[in-house]
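Look at the two complexes coming up: chain A is in both, with chain B in one and chain C in the other.
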Partner chain A sequence: MFSGFMINTWIAASIVAATAGLVGFFVVVRGASFAAHALPLSTFPGAAAAAWLGINEIAGLVAFAGLGVIGIDALSRRGRPEVATALTLVMLLGLGTLFLSRTTTYAQEVYGLLFGQVLGIGAADIAPIALVSAAAAGSVLLLFRPLLLSAVSRDLAQARGAAPARTDLAFLVILAMASAVALPVVGALLVFSLMVGPAAAARNLTDRAGLAIALSVALSLLTVWAAIALSYLTNWPVGFFVGVFGALAYGLGRAALHLRRPRRAMA
Partner chain B sequence: MIGAAFFTNGPVQVALIIGGGAALVSAVVGVFTVLRGQSFAGHALADISSAGGSAALLFGIRPLAGFLAMAALGAGGMEAIGARQIRERDLVTGIVLGAGLGVTALLLYLDMTTTSASGAANTVMFGSMFAIAPATIPLALGVGLLALAMTAALYRPLLLIAIDPDLAAIRGIDPRLIGLAHLLVLAIAVALSAMTIGAILSTALLIGPAAASLRLATRPGTAILIAVAIGLSATWGGIALAYDSFYWTPGHGWPVSVFVVMIVLAAYLAAGPLGSALARRRMARS
Partner chain C sequence: MLTLSSISVAFAGRTILHNVDFTLAQGSFCGLIGSNGSGKTTLLRTILGLVKPDRGTVDTGGHEIGYVPQKIQLDPFMPLRARDVVALGLDGNRFGLPLPSAARRRTVDAMLTAVDATGFADRRVGDLSGGQQQRIMIAHALVRRPKLLLLDEPLANLDLRSVAEVVSLLHTLSFEQRITVLLSAHDMNPLLPVMDRIVYLANGSSVSGTVGEVVRGAVLSRLYGYHIDVIRVHGRVLVVAAGGEDALDADAACEPVHVTQIR
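Right, the complex of A and B next:
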């Protein structure tokens, strides 16, 4: 399980899990589940395009994540945000379907890209993954206060001079970076599960932002490590374990909340 | 470009009938879905229904039955965990969606390893418009009619809850009951379109036509009619173009879902300026 060809997977998975745990906290407090689901899925055609053009996979993923951000941002200026998210998602997925129909050799990899694979990472991928993850994590720390403030109260953020619309866009960019690098390991459909499950559980366990982030990162790492180990042993897809553990973490968090504050949880 | 062979081709006929039904139901239900801000729930139910589609391949039952069963189960699950606040509702939707997709991942893996369905992931996630069994038509039309009948019967309360939940509460409308009914109709709509243009792309038929029509129409009835017209043109136009594309690139045609998505998006983008022009004319007249 820890032999040479698996080491890359362990390193990459730990990096993306830590980033997902950090970014996931803001997905949960900002109520951005749909965007967190739509961006990785819109990013998925990037891998198909990269294979088609023969460029680096991570570069293709990051490029399509960027297209996803531009689409959501442009369409939500003139319409409902969730409609903008849905239409951007189907537009890029439609493109992906087209790319997939062009290349026949690629069809076998579709499943791995959608649902995750333990052997999807090569040594050459580690550096770009680390770089993009560091950029995402750095941006979160840099924008920590405005991200949190505009999530709690947009009016207050506006009054403090932080433009909420610009913060929203910055958050989409951060989300896109975290999605692009997590995709090859966890799979396009379940990246958001890794962001939402552990973070939602952490938020139910504590009210303090710093502690919740630490817990979210820890739970996310545990989820990914357990998922990869079990996937390696059973040959079942990584995404299955990530999705189920995510839901399990949320369920335990809800139960803990119930025990901790029985009266408020009832209300 | 399209000759008589198009209409006498068996798979094309089935695709036209079932695709048309899926587009019709999705467009009608989509208007309520967009008005209520439930786009994520609609997309999530479609994704969850993919678990049913993959289970159907595994156990050799009819795909539509699988998609329907799982979408209904997902709707029930979301309603059971239910949350009042929109933010919490999206979170619960996301958690249920994650668990459902995890199950899909496992079922597709089992499909590919224990049966000969090596293209299972493509079929379930990206649709199989031209590979639908003709025997599916009665069931598809039956549940489609059921969904339309439910929507017609609950037309006023559905609309009132979508537009003004507080007024609906004063009128004595039970929001949970109507909410559950809406989710069930939604489940039927997405199951039908998941089978035709794919689980992850069915959102195009649900949200696109409705969002475009709501930019044009001021009355809900008109909005529904325009949405249906857009949905049907996108689906039937997509089928015709996909059929024709076999001649563009010899060997393999282009996927139907690509054309459906492109037509729907074009309609949405065109509806923006057109809607503003209509609004200006209404203002000038009054």
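Right, the complex of A and C next:
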């Protein structure tokens, strides 16, 4: 399980999981779950385009993540963000269908991109994944306070000079980067569960933002490690285990919150 | 301290504010009174610089402004303690991680003490009562020690006891720290004991002065453009439009009638 080609998978998955746990915290507190669902799906056609053009897969994913961000941001300025997100998703998915029909990509690979794959990570993928993840994580840490303040209240952020509209765009970019690198590992359909499950659990376990982020990263890593190990042993898809563990983490978080609440009421 | 000169604001051709003028001296406690839709929020946002007036000028003397927006809904699932929200008021716009610092903690603690919030400073902010959350919002707005504090309907949606507590807290802060307070409300009654100035908004126009000067039938009739009675009962004020029947029909007429709630 830890030898040869699997090493790349472990390294890539750990980087991706830590980033998803960090970015996921802000997905959850900012109520951006729909964007976190739509962006990986809009990004997925990038892999098909890359295969068609014969370029690096991660580059294709990042390019389409960028298109997703531009689409959501530009359309959000003219209407409701969730409609903008849905429209962007539909347009890019349509393009994805076109690219897939143009390539000779095997159905197996498409399946892997949608649902995740253990064996798809090569040594050449590690560097771009690490680079993009580091950029996403670094941006979150840089924008930590504006991201948190505008999640509390956009009015407060605006009054404090933290420009919530610019923060929103920056967050979309961060989300797109984290999605693009997580996609080849856990799959387009389930990047979302890795972003939301651990973070949603973590925010119920503590009242401190810093600790909640640390817990979110830890739960995300545990989820991915357990998913890869079980996927390796059972030959079931990684995405299945990621989804199940993500939901499980969230359920445990809610249960913990119920246990914590009565004590607080008495205090 | 704060001077507004003939401020006019229009959105999409509709006049929101028309020639609004008033001046506040340092340390004054002013109520910005008007019914819903009278332009109170727009006026506060204009003073903050978030709305550009079509005409007129705002002079804040270069002072920093503290602001408590209306109807803040704090997410009960947000993992933030009350003290964290106050700390975000100090430096929430800065880049990078907030490094632990004794000075920062002292400043936040002092502010929590000033608004009498030490008892719930370490609780999750979304779990606090409306009155407690409003104290935290005031601490968030004041933690950088601004000399001008704007509050948008801070008494709305509070129970009677919390209303009295928040008013008394604001009055104490204004008095002790010489903070100029401009507070919007649709009901002036809870503010009558503490207001030394009033700005009354109706139809986008304003009158300002002391309560005695402004809250009079003749003055408000001129502002609204039709007959208004001001009735004083047990130290409380009722502003009633042209006779009892119209007053009852206030909702249909949309204006004015702050037939202030009977308590």
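Rule of thumb we're sticking to: the second predicted complex is superposed on the first by the 258 of 267 C-alpha atoms of A that agree within 3 Å, B and C clash if a C-alpha of one lies under 4 Å from a C-alpha of the other, contacts with A are read in each partner's own complex, and residues count from 1 in each chain.
Here, a contact is a pair of C-beta atoms (placed from the backbone, for glycine too) under 8 Å apart; a residue touches a chain by one contact, two chains touch by 3 or more.
Keep in mind it's a predicted model, so treat the numbers as computed, not measured.
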| item | value |
| --- | --- |
| Chain B versus chain C as contact partner of A:I15, first or second or both or neither | neither |
| Partner chain in contact with A:I129 - chain B first, chain C second, else both or neither | neither |
| Chain B or chain C, by number of chain A residues touched | B |
| First (chain B), second (chain C), both or neither touched by A:L156 | second |
| Chain B versus chain C as contact partner of A:A178, first or second or both or neither | neither |
| Partner chain in contact with A:R208 - chain B first, chain C second, else both or neither | second |
| Touched partner set for A:F192, first chain B, second chain C, both or neither | first |
| Chain B versus chain C as contact partner of A:A48, first or second or both or neither | neither |
| Which superposed partner A:L148 touches (first chain B, second chain C, both, neither) | second |
| Chain B/chain C common contact set on chain A | 28, 31 |
| Footprint of chain A on chain C - complex, ascending | 48, 50, 65, 67, 69, 72, 74-75, 77-81, 84-85, 88-89, 91-98, 122-124, 127, 140-141 |
| Contacting residues of chain B [partner chain A, same complex] | 34, 37, 39-40, 42-44, 47, 86-87, 90-91, 93-106, 108-109, 112, 118-119, 121-122, 125-126, 198, 200-201, 203-204, 207-208, 211, 215, 252, 254-255, 257-258, 260-262, 264-265, 268, 272 |
| Complex contact set, residues of chain A against chain C | 28-29, 31, 141-146, 148-149, 151-153, 155-162, 202-204, 206-209, 211-212, 264, 267 |
| Chain B-touching residues of chain A, taken from the complex the two chains share | 28, 31, 33-34, 36-38, 41, 78-80, 82-83, 85-87, 89-91, 93-95, 97-98, 100-101, 104, 107-108, 110-111, 114-116, 187, 189-190, 192-193, 196-197, 200, 236-237, 239-244, 246-247, 250 |
